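In the two complexes that follow, chain A is the common piece, with chain B as its partner first and chain C second.
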Partner chain A sequence: MEAVRTNEIMAVAGARELRDGETVVVGLGLPQVACMLARRTHAPGLTSLLEIGVVNSNPIDTPVGLADSRIFHGATCWSGFLDILGMNLHRGVVDVGFLGSLEIDRHGNINTTLLKDEITPGQSKVKYFNGSAGGNDVASLAKRVIVIMRHEKRKLPAAVSHITSPGYVGGKSRADLGLRGGGPHRIITDMAVLGFHAETREAMIVSVHPGIRVEQVRENTGFPLIAAENIPETPLPTPEDLRLLREEIDPKRVYLG
Partner chain B sequence: MANKLKSAAAVVRTIPDGAHIALGGFAIARNVITVAHELIRQNRQELTLSQCVMGLDTDLLVGAGCVNRLMVGGGSLDRFGLVQCVNRARETGEVESLDYTSLSICFSYLAGALGISFIPIKSMIASEVLERLERGGGAEYIRRMDCPFTGEPYVLLRAIQPDVSLVHVQVADEQGNCQIHGPRWENEEQAKAAHRIILIAEEIVPTSVFQAHPARTIIPAHRVEAVIHQPYGAHPTSVYSCYDYDSEHLKLYVERARTREGANQYIDEFIRGTRDHAEYLEKVGGAAMLEKLKADPVLGY
Partner chain C sequence: MSKASDKKAEKVTTLADAIARFVPDGASVAMGLCLESMIPFAAGHEIIRQGKRDLTLVGPISDILFDQMIGAGVARKVVAAWVGNVMMGSAYNFRRAMEDKIPHPVEVINHSNFTIALALHAGALGVPFLPTYTSIGSDILARNPDLTEFTAPFTDEKMVAVRALTPDVTIIQAQRADVYGNAHIWGNLGSGPDAVRAAKHVIVVTEEIVGPKVISSDPNRTVVPGFLVSAVCEVPHGAHPSPIQGYYNRDDNYYAEYHKGTKTRADFESWLARWVTGVKDRAAFLETLGAERVAGLAVKKPAYAAKTDFGH
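Let's look at the complex of A and B:
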């Protein structure tokens, strides 16, 4: 069998964070792939919600985005934002918010709005991206939040350029911040799985992917990462995981690369 | 019963400069392209646009200089790219952008639709989304308050009641009853919050279709002012069960919109350089291209 790719390790690590019976609001890309894999393996009772108003879709062609009709296919319910983000997420019944991000910092604050290029000290040029859309709502209200993204020093800075979606802002607890949702739980990258320290609420290494050293992860992170003495390896995808990903879920490798 | 069918040009003549228009599209799906084009041809100015997730229609209107304020949750052209004209206008300050979240825009419309003047929400708290709104033009739309019953902190959103709501639908009748196939994002709250509802319909069907399935009517006729019948009216964005997005044309647009000059060139060539939507469709490939985009009746795309 063909060698395991990083995106496949990420998708499988994402899937393993989801438990059977849970309700997940899922963003497009690897979060969607991870969710579909979980439903086909250990979590057949998982419910996936898309913010635009799609419940448990079963696409047979790979969609290019959340607005692509391909992702409406095989759904059990079509509604809208008011139902998904309102009467599910805001109501408090969403277990997991599964998101991508432009930047994420040591306290799990997410930026999807803008980046600042420092031209001269004190003077910066702003470049805009997609903004929040449902991201802030999901990060504010889901019981736990999982973020999946590339591991680069500039994407994991000590503090994000703009807090689009709050994590543990300033290291404070979610209750102190006035937020209902439980906050960031995992950051899944192409190098490691990160979690958050229970007291300091800072990002820490949970596992490193096979072939990656803890030092490498630290070198590619914009803040000091806490790590225990013995960091386990992220488990490799099983042959069945790989078969499902490659043959059924993303045969055109739109997301798996 | 009144026949509410009108042309896009006739509808746009009734929308004044400075109007607040809510757009019913989402990224690359069901964008109100035919009316956006006509607003550009008739050179409307100083519009406020609102929407949960911006798409091509917003990007075109901003690129053409028709807009001075946005109230939006976010925006993209999915994997085709960013809303480049909008982002450029935000970066230069040409457009004032009140950047909300999807749910907070939807709640603001819901309050508007219910006729209540504000609504509490539990998102945006502890974020710079909230702080930027409070610092800028959003200040008149945002307050913070503790719940008088539980003491829990909330953000209060002022209701939004747009002057006009434009919604692209699959089917309508001449009176303005309509069905939306596929997910409906914020279409219902947005339309019902507005003072005037204008539909753009792919197909006009007899009222008996609605009488046979009344539960599927999302916006009933008595709220609707006008219906524009325009097949392929959302091109190059998709309409579920009617046609797919036009990947080639979206790529062409994204490439041109990288620069202000390129965006202007696109707008001059495809919008100002065409008399109406029929001429636009001819220019982008005509019947042969439309046939290729037509949805498979089972798959819906």
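Let's look at the complex of A and C:
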């Protein structure tokens, strides 16, 4: 069989974070793939929500945009923002929210709005990106937030340029902040799976992907990353995981690369 | 279609006329409320052609429509949760306006999808604000003047008040509508129903005008009740390159071409001349696009709903 790709490891790591019977808010890309894999393996009773107002769709053909009937294929309910973001997420019944990020910092604060590039000391130029969309709502309100992103030093700074979506702001607990959702739980990158220390609420290494060294992960992170003595390897996808991913879920490799 | 003797039928008008009458300079205009689907591109292009100025654009995620309107210089302010090219990432006109004040500075009020949905819902309910727990601790809350923390009555909790949004006009895209403005919409509704009810005027841009009996055959599908509507405009393919469920699919390549073709200001000016200012209306736009490309976007595998009995 063809060698395992990093995106496959990431998708499987995402799937394994989901438990049967949970309710998940997903977006396009690897989160969608992870959710579809979980549903076909250990979590057939998963409920998936698209923030736009779609319940339990079963996407076909891995389309590239969210405005595509193939993404909504087989859905049991179409509604809107007030339903998914309000009467589900805001009410507190969403277990897991998946997000991507431009930058994420040591306390799990997410930035998808703007970057400040220092031109000369004290002088910076702001570059604008896109904004929150539903990211802030998912980060504020889901019980567990899982971020899937590339592992680069500039994308994992000590503090983000702009808190688009709150994590453990200032290292404070979610209760102290007044936030109802549980906050960031995992950051799944192409090098490792990160979690958050229960007391300091700082990012820490949970596992490293096969072939990656802990030092490599640290070198590619913009803040000192805490790690236990013996860091396990992220489990490899099973042959059945790979078959499902490659033959059923994303045969065109739109997201698996 | 419409008869001069039927007063209600006077709502049917051309898109050019509807924009001229209901979108004055300085107006706040909600559009693109169903996210990446059903974005009123034809209406946006008409606004640009008529040279409107100082508009406030309101919409959660309007894909490249807001970028085009910013580049064309019609917008002074944008109230949104996300601005860009959904498939491609950055939108260059938005960045040029924010980073280099080209063609002029634009003020952006950043929301999340839920705070803008609540703002429009508050507008629809006629209340000054609605409370939420979302956005606490973030820079969205810190920097958006229309979000403010307060202590909730009854529970003494920290909450965020979201100020109501009441657009001067909401432009909503529909699959079919009658001459009175009753519009059937299906697919992703996003914040469409609230934006319609929050606005002072509503323009319905519809793929087709149908008889009132078609509307009353399935009244649960009437997302826009006609009594709220100021103008009904029949504009086939009015949402291209965004899709309309049951009518045409998304033209993904158009978004990629826009991304590649608007990197510099000069490139954008050529793009604008070709697709907006250089065409008279949507029909002329579709001619530029070409019949083959339009046909290629047609729904290939129809999937009809089960019959629904509204009998007695």
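Rule of thumb we're sticking to: the second predicted complex is superposed on the first by the 257 of 257 C-alpha atoms of A that agree within 3 Å, B and C clash if a C-alpha of one lies under 4 Å from a C-alpha of the other, contacts with A are read in each partner's own complex, and residues count from 1 in each chain.
Keep this in mind: a contact is a pair of C-beta atoms (placed from the backbone, for glycine too) under 8 Å apart; a residue touches a chain by one contact, two chains touch by 3 or more.
Given the structure is predicted, the values throughout are model-derived calculations rather than measurements.
**Student:** Touching A:54, do we find chain B (first), chain C (second), both, or neither?
**Tutor:** Touch partners of A:54: chain B and chain C.
**Student:** Once the structures are superposed on A, label A:26 by its partner contacts, choosing first (chain B), second (chain C), both or neither.
**Tutor:** The answer is neither, since A:26 touches no partner chain.
**Student:** For A:148, select first, second, both or neither according to whether it touches chain B, chain C, the two together, or no partner.
**Tutor:** Neither chain B nor chain C is touched by A:148.
**Student:** Just checking: does A:162 make contact with chain B only, chain C only, both, or neither of them? Give me first, second, both or neither.
**Tutor:** Both partners.
**Student:** Determine, under the contact definition given at the top, whether A:140 touches first (chain B), second (chain C), both, or neither.
**Tutor:** Both: A:140 reaches chain B and chain C.
**Student:** Using the superposition on chain A described above, determine whether A:68 touches chain B (first), chain C (second), both, or neither.
**Tutor:** Both chain B and chain C are touched by A:68.
**Student:** Quick check on the output: what are the common chain A residues between the chain B footprint and the chain C footprint?
**Tutor:** Touching chain B in the first complex and chain C in the second, residues 51-54, 64-69, 72, 78-82, 85-86, 89-90, 113, 125-137, 140-141, 162-166, 169, 177-180 of chain A appear in both lists.
**Student:** For chain C, which residues are in contact with chain A within the complex?
**Tutor:** Spelled out, the residues of chain C in touch with chain A are 35-37, 60-61, 80-84, 86-87, 89-90, 94-95, 98-99, 110-115, 117-118, 121, 132-140, 142, 157-158, 186-194, 242-243, 245, 249-250, 252, 255, 299.
**Student:** List the residues on chain A that touch chain C in their complex, please.
**Tutor:** So the residues of chain A in touch with chain C come to 51-54, 64-69, 72, 78-82, 85-86, 89-90, 113, 125-137, 140-141, 162-166, 169, 177-180.
**Student:** In their shared complex, at which residues does chain A touch chain B?
**Tutor:** 28, 50-54, 60-61, 64-70, 72-73, 78-82, 85-86, 89-90, 112-113, 125-137, 140-141, 162-166, 169, 177-180
**Student:** Would you mind writing out the residues of chain B in touch with chain A in their complex?
**Tutor:** Within the complex, chain B contacts chain A at residues 26-29, 52-53, 55, 72-76, 78-80, 82, 86-87, 90-91, 99-104, 106-107, 110, 121-129, 152-153, 182-189, 237-238, 240, 244-245, 295, 299-301.
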